[in-house]
Amino acid sequence: MFWQQLINGLMLGSTYSLIAMGYTLVLGLLKMLNLAHGDVFMFGAFLGYSFALLGIPLYWALLLAMVGAGIISLLVERFCFRPLRKAHFLGPLLSTIAFGILLQNVGTQIWGSEPSRYPQTMEMAQFQLGPVLISSVQLIILAISLLLMVGIDQFVRRTRMGRAMRATSENQINASLLGVDVNRVVRFTFFTSGALAGVAGVLTALVYLQITPFIGIRQGLIGMVAIVIGGLGNLRGAMIAGILIGVIEVMNDAYFTASYRDMIIFGLFFLFLMFKPEGLWGTTKQES
Amino acid sequence: MLEISNVSKNFGGLMALDQVNLQLEQNKIYGLIGPNGAGKTTLFNLTTGLLPVSGGSIQFQGQELTSLHPHQIARLGIARTFQNIRLFASMTVLENVLVAQNIRTQSGITSLLPTNHREDSFRKEAESLLQQMGLWQKNKEKSSSLAYGEQRRLEIARALALEPTLLLLDEPAAGMNEAETEELLDRIQEIRNIGKTIFLIEHDMNVVMGICDYIFVLNFGKLIAQGTPADIQANEAVIEAYLGREED
Amino acid sequence: MNVYIEGVLALMGINILLALSVYAILTTDQLSLGNAGFMAIGAYTSAYLTVKFGVALLPALIIGALTASLIGLLIGIPALRLKGIYLVMATLGFGEMVRTFFLNFEPTGGASGFRGPMGSSLLLIYGWVIVFVAFFWLLARSRLGRSLDAVRDDPEVASTLGLDVVRLKVWAFWLGAFIAGIAGGLYAHHMFYIESSNFNFLLSTMIVLYVILGGMETFWGAMVGAIIFSILPEVLRFMKDWRLSFYGAVLVTVMIIRPAGIITREMVRDFREWLGRIFHRARTWDA
């Protein structure tokens, strides 16, 4: 039973990790939170839903949702971050809040505020791994998440673009002096961040099987909890923290009372901010 | 009246100040000079409590400053200006000066009530300060609309409104032309003449040699010389420090 | 006056108070995305007092607000060690904590909500609006107001002028929480029924958006923003369900072209001067 719950927690947590990673990429680069991120996640989930409804097989729907979410994230960059470079530092934050509300409403208008059921697009096989019963869907979720996590981590560490991203997050001016096309890096980062959210959206939909235009709010908030616990700006920290939270959430539901779940998570969030704002693994950037 | 004893400041690995010792007496004008990066502004930041010391002590009229918050140090009678002018952008010229008076009068929740609290006399005082600095004409204008030299004078007026015993001026003559500098020197001497002590950081040697009674020289965080202007001008170590480095 | 208009005006009054509560905290350059939490504390506390203990409305409102502000103090003090987005996130987390707390707290109904508080009136609501508007009006022209401006413009410099920045920031939090608590109490006694989902993150962010649109620099801006957002749903009836999209789009645009909002400090200053000239002219004209 415990192992079953652990697997469930890992699965849920990996979706949180993907969201958290998206936040971290933008935060590390531009030192600001993109509060529309949760709603980009929601759009990803719904895009996947719409594509699946059209009969498009899962993997293609996933890919298309990724791209779609990435594009929306680019819109956020275009309207909420780029024109506000010289504004008060909270400007982009506030603008993304407004953009998020816009996204939620558009989503509601397109897909309705009633829950939408995700169509069954694949065979539900079940595998027995020791004491654990794991479905093919769960395996896919775990596999894709793991792939992406490792992929992004390695990408940031080893590729030229990854290095450019890290250089830009350290110091934009120096980076551009060194020949980095900062604008391109920024756009790339936003796209990737959105794509991750999009994947997380589809995977989450596969977990819960039904979605509403308001799922972005909660999942977005949980993503935020993850980046604080993991350490703001710390990509690996965000990954691990996301999984941790997923496990905590599932364990809480299994062994404690489900209704207290969010209180515990946000309580943890608050405690960390008060007493250990650098998170478990430290921030990579210095907040003045 | 100000005793800086064995003060050191460490930033990570960088030793910004290294066992600096200096004493200031009442009612004199002191200069603090040295090449860029010597630690001058850091010394001011430590004295006013904006940064904690890594070692040593700073005593002002018998009071230990290193354990105090900046606002407590200000209330003891130390005021300062800043190297890159930091006026309150949202306020007018007059308001910048008035806000500095707040700790000397009722400025809590009771200040919402229309009772007088000697408000008139405070306003008159602010007016006269601005008159002295030649800024009264522009008192209703936004502080950011002033010319550079005027902004510097406003910062000084604001610091004076605190009625400090010790005034720390960080490059007050920077960016001023000759005429403005002359006027500034007159002002500073007036301030000293009414009993205050002034400690100023300056790169303009005319200013420093012109009005300082005594000068301290820092280089790479260490005090390398101190003395009267004549002493300093003849001092080998000082000459080397300045000539051996790039002037900005 | 028909019931419908009364309802709109009542909510408008409450929105004004909520906007002022965010503004109060913003005066010291702190952004709170959790004022719905303070509102909830005020709402549930005052509702519980009037319904379960028969306490009169006015004292219940005040006790509710004091409870909210006490919690505001408890948040404000450690929160001050946090800068920038950490503080924003802390307020966000706080708001969510309060919401999920009341979702689970059985004595006030838990998930089923709390039924019964009543007795609010337009007179009461606008009475409080007038009280706080007068307060902010006096604050703006007082030395305390100037201290707050200094803390907002440059806290380091403010501290070198003797201002206790920490104390002022904590006080601002206390004030914002108090006003939000009053708004919450009024809301509860107007709606007759409250539940935790009324006090969610969306509300906290909407309140902030009122202030952004109306103008972050003065309390008039906060008021104007609240009024616009309260009337807009009525004016934009034809837009039906697309209203929120409209708000979102408008706000994003405002942040780009006029980030200070509709009402700026300049505007208020110029207006005050213009008024001064009119009165001066009137006075000299009589003579």
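Worth a mention:
In order of appearance the chains are A, B and C, and numbering begins at 1 in each one.
Basically, a contact is a pair of C-beta atoms (placed from the backbone, for glycine too) under 8 Å apart; a residue touches a chain by one contact, two chains touch by 3 or more.
Here the structure is a predicted model, which is why all the values come from computation and not from measurement.
Ranked by how close its C-alpha mean sits to the mean of all protein C-alpha atoms, the top chain is C. When every chain is reduced to the mean of its CA atoms, the largest separation from chain B belongs to A. Centre to centre, using the average C-alpha position, chain B and chain C are separated by 40 Å. Mean C-alpha position of chain A lies 50 Å from that of chain B.
Chain A and chain C have Cα centroids separated by 31 Å.
Within the complex formed with chain C, the residues of chain A that make contact are 32-33, 79-80, 83-84, 87-91, 93-95, 97-106, 108-109, 217, 221, 224-225, 228, 232, 259-260, 262-263, 266-267, 269-270, 273-274, 277, 287-288. Remark: chain B residues 48-50, 69-71, 73-75, 79-80, 82, 86, 88-91, 95, 98-100, 102-103, 105-109, 111-113, 158, 162 touch chain C in the complex.
By the touch criterion given at the top, residues 135, 138-139, 142-144, 146-147, 149-150, 152-154, 156-157, 159-165, 217, 265 of chain C touch chain B in their complex.
Against chain A, the residues of chain C that register as touching in their complex are 31, 78-79, 82-86, 88-90, 92-94, 96-97, 100-101, 103-104, 111, 200-202, 205-206, 208-209, 212, 241-245, 247-252, 255-256, 259.
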